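Shared between the two complexes below is chain A, which pairs with chain B and chain C, respectively.
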Partner chain A sequence: MKICIENLTKKISKNVVLDNINLDLFGGNIYGFVGRNGSGKTMLMRAICGLILPSQGCVKIDDKIIGKDMSFPPNAGVLIEYPGFISSYSGFKNLKIISSIQKKISDEDIRKAMIEVGLNPDEKKNYRKYSLGMKQKLGIAAAVMENPKLLILDEPFNALDEESVNKVRNIILEKSNEDNIIIISCHDYEEINMLCNKIIKLDSGKVVNIRENFIEV
Partner chain B sequence: MLNLIKTEIKRNFTGRWFWLSVIISGALVIWYSIDRIPFCVKSNLMILENSYPDDFLEISFTNWIGSHNIYLQQNIFYLIIPFLATIPFGKSFYEDLNQGLIKNICIRTPKKNYLISKYIVVFLSGGCAVVIPMIFSFMISSAFLPTMLPEVSYVYTNIFPIYKWSNIFFENPFVYTILYGITVFIFSGFFACMSLPITYFSSKSFLPILFPFIIYIVSSMFFELIDMPGFSLRQILTTTGEQGTTMTVVLLAISLGVFSFIPFYFIGVNNDVL
Partner chain C sequence: MKNGFSVIIKRFIVEGIIEKWKLFLFVILLFVSIDFIFVKNVSNIFNESELNVKVGIADMFMNLFLGNPPFSSEENQGINIQMIWFVFHSLIFSFVAYYATNDLKNGSYIFLIKIKSKIMWWLCRVLWCAVFVLIYYFLFFIVSCAFACLFGSISFTPNQNIAGAFWELDLTGLSNYQFWFSVFFLPLIISIAISIVEVTICLVLKPILSLIIVIGYIIVSEFYSEPYLLFNYIMILRDNFMGIKNINNEAAFFIAVSIIAFCSIIGSTIIKKKDMI
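And then the complex of A and B:
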């Protein structure tokens, strides 16, 4: 898998949130997006998934332009900003509803993903009664359950305890293989350094630095 | 898209808001039935026992919740149709947008598919929430009252020859009842869908539910005030509404469809998912 971001600019009500970004992302890598609040990390992630359309430039996934040749990247798992679910449904029911859109996985796969992140699939509790950490885990389970080739996790370690951080870290490492692209944003540099082999720094909507991080992925 | 429609249908018809709407209208139906049916049964018995040989039997076609708007329960029912239609699923788009579910959907299916499925299911849920209790009411009436041709000379049918579709009513009341049911279904569906475009501009979840009701009341008052009662939604929806023709029914249905779908779809397709 290959993602080409060409001259990507995004303006939202006259504010330039992404400013002429050029990036090539290749399978087999874990990319870390770092930068201050409002530097454009989340917006860039949204643009890669087709949730926002560029004002100029384009995002190509395997040479197909998002918003023109396709609406969204095929086979993507995404957790951006905060997990979004139906508050009156249980965790399992939420994941079942989401998975039923593409019907790629079975109930057993959903259960497996929930167990992997440390959630009980048989829990009847409604999503609205979940703690912040449980909501975050469910968001991660939704992102990884369909074995995506493109995994985008925005601040995945938010609200997680140490044990859960380890679980999520292991899941991310497990999912990285030759063909998959994983993109993570995180404020914790230590975490980024531990997980990512390419670190991209953004500031004011621009890519200001791309750094190789020599780790064994 | 079929998967998404199935999912949304399941989400709607198993949702507590759908059943809340059905329970509210069901309560009105039961209240009406308790109030009206025993009276009609008693009246029919008296006629059959020859107490009033010149009178006509009360029949099911003229004694169900949708048959008039002259009794209190029927008046309430017709007044709150936009609410009954919007309660089940009108808020769901607001929740999808504000609780972030739309992100999980739009990375798995094109946004236009999501918007079209949402529109279809909101339309169906609005129609069903209003028409199911109407069918229930007609079934109750049919269980206790004769289902026979109405008498043209009997004024308490409250449907007069100048009313739209009255010829169908007196020739084939069952077809007339079905036709009315379909009309109410379509308008209720569109009322529910009117909650969708307003969601883009609303920061409060109750506004999408309130908006179709406001349109219903304000537009009805407006057309009645400017002496064009044939375009009053209130007149169109009630069987005993004196005004309206097949043409105004069709024109109003198309207008509601266009004014709900076009802004909802085009704003949705062009808006970013933030």
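And then the complex of A and C:
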């Protein structure tokens, strides 16, 4: 998989939120987006997912332009802010309804994904009664359960306890292979350094620094 | 594709209708009030009459969709807006505006990315509007049936005595088809059409502005009797079961269906260029 971001600019209500971004992302890498609040990390992730369309430039995934050749990436798992699950359904039921769209995975796979993030698939509690941490874990489970080729996680460690952080870290490392692109954003530089082999720093909607991060195995 | 469609429409129905049961409870209470007051008024008027007049389902619909005569500056009178008619329709469009794009702000991207189609989201939204309005009208029908069972008669034919005493209407020669077409099917399809117009406007403007535009359109319809003001066709005192200014009710039905088709297509074009946040 290859993502090419060419001259990407996005304006919202006359504010430039992404400013002439040029990036190439390749399979087999875990990319870390870093930067202060409002630097454009989430907006860039949205642009890659197709949730926002560029004012100028384009995002190509395997030479197909988002917003022109396709509306959304073909095989993506995404967590950006809190996902809109159905509040009167349990966690398992929510994941089941999502998985029923593409029918790639079984109930067992859903259960496995929930257990991996530290949720109980037999929990009958409705999503509206979930804590912030549980909501975050369910969002991660939804993003990873179908083994997507493009995995985008915006601040995945928010609201998670230490044990859950370890679990999510292991999931991210397990999901990484030579075909997949994983993009995460995080304010914890220690996590970014542990997980990502390429770190992209954004500021005021621009890419200001890209560096290789050699992770010790 | 079929799976995606059924999942999205299921989500809209669960979130936009089933989880909003408290709003529907409020609506039911409103309908109970409307029908109760009407039944009581009929009872008061005919209490001492020799005529055994009982309110039927048809009469309750007539009471709701009566409307008011158009405004005339020559008559030196104000305009009497039929409040139950106004509230009945305003509520529909308030509910629709609230949920029109609410799910996009609340993280429905997770479904969008799986179905991979903005147009499918839009068409599901159009279908949801139709289902919502249908359920709203059906609730009024159910409440009216309940009142008819308890206090009146289960009659689908309007009562001439009531129509004459309350509204000076002459129903001679009016067929049941004409009646029910004018007080149920036509208002239903026009409400669906306008709700879809409202949701289409929500794609480019904030929902509150869309609601203001629709409410403004309703208010202008209260003042003027013109065929392009579709709410005129939902007022019996205006269309008299026939039509407005040479455009009959059947034609209005097809105009409403055309509006639905037109907005569905326009919305599909707009949604492709819209940011889904």
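Quick note on the criterion: the second predicted complex is superposed on the first by the 215 of 217 C-alpha atoms of A that agree within 3 Å, B and C clash if a C-alpha of one lies under 4 Å from a C-alpha of the other, contacts with A are read in each partner's own complex, and residues count from 1 in each chain.
The rule is short, and it goes like this: a residue touches a chain if its C-beta (ideal position, glycine included) is under 8 Å from a C-beta of that chain, and two chains touch if they have at least 3 such contacts.
Not measured: the values here are computed from a predicted model.
S.K.: Answer with clash or fit: chain B and chain C placed together on chain A by superposition.
M.R.: clash
S.K.: Looking at A:Lys14, would you say it contacts chain B, chain C, both, or neither? Reply first, second, both or neither.
M.R.: Neither partner.
S.K.: Would you check which partner chain A:Ile52 touches, where first means chain B only, second means chain C only, and both and neither mean what they say?
M.R.: A:Ile52 contacts both chain B and chain C.
S.K.: So chain A touches chain B in one structure and chain C in the other; where do those two contact lists coincide?
M.R.: Shared contact residues on chain A: 12, 46, 49-53, 71-73, 76, 78, 80-88, 97-98, 100-103, 142.
S.K.: For chain A, which residues count as touching chain C in their complex?
M.R.: 12, 46, 49-53, 67, 70-74, 76, 78, 80-89, 97-98, 100-103, 139, 142
S.K.: Using the touch definition up top, name the residues of chain A that touch chain B in the complex.
M.R.: So the residues of chain A touching chain B come out as 12, 46, 49-53, 71-73, 76-78, 80-88, 97-98, 100-103, 142.
S.K.: With touch defined as at the start, can you tell me which chain B residues reach chain A in the complex?
M.R.: Residues of chain B touching chain A: 3-4, 6-7, 10-11, 15-16, 95, 99-112, 272-274.
S.K.: Along chain C, where are the residues that touch chain A in the complex?
M.R.: Touching chain A: residues 3-4, 7, 10-11, 14-15, 18-19, 103, 106-118, 272-277 of chain C.
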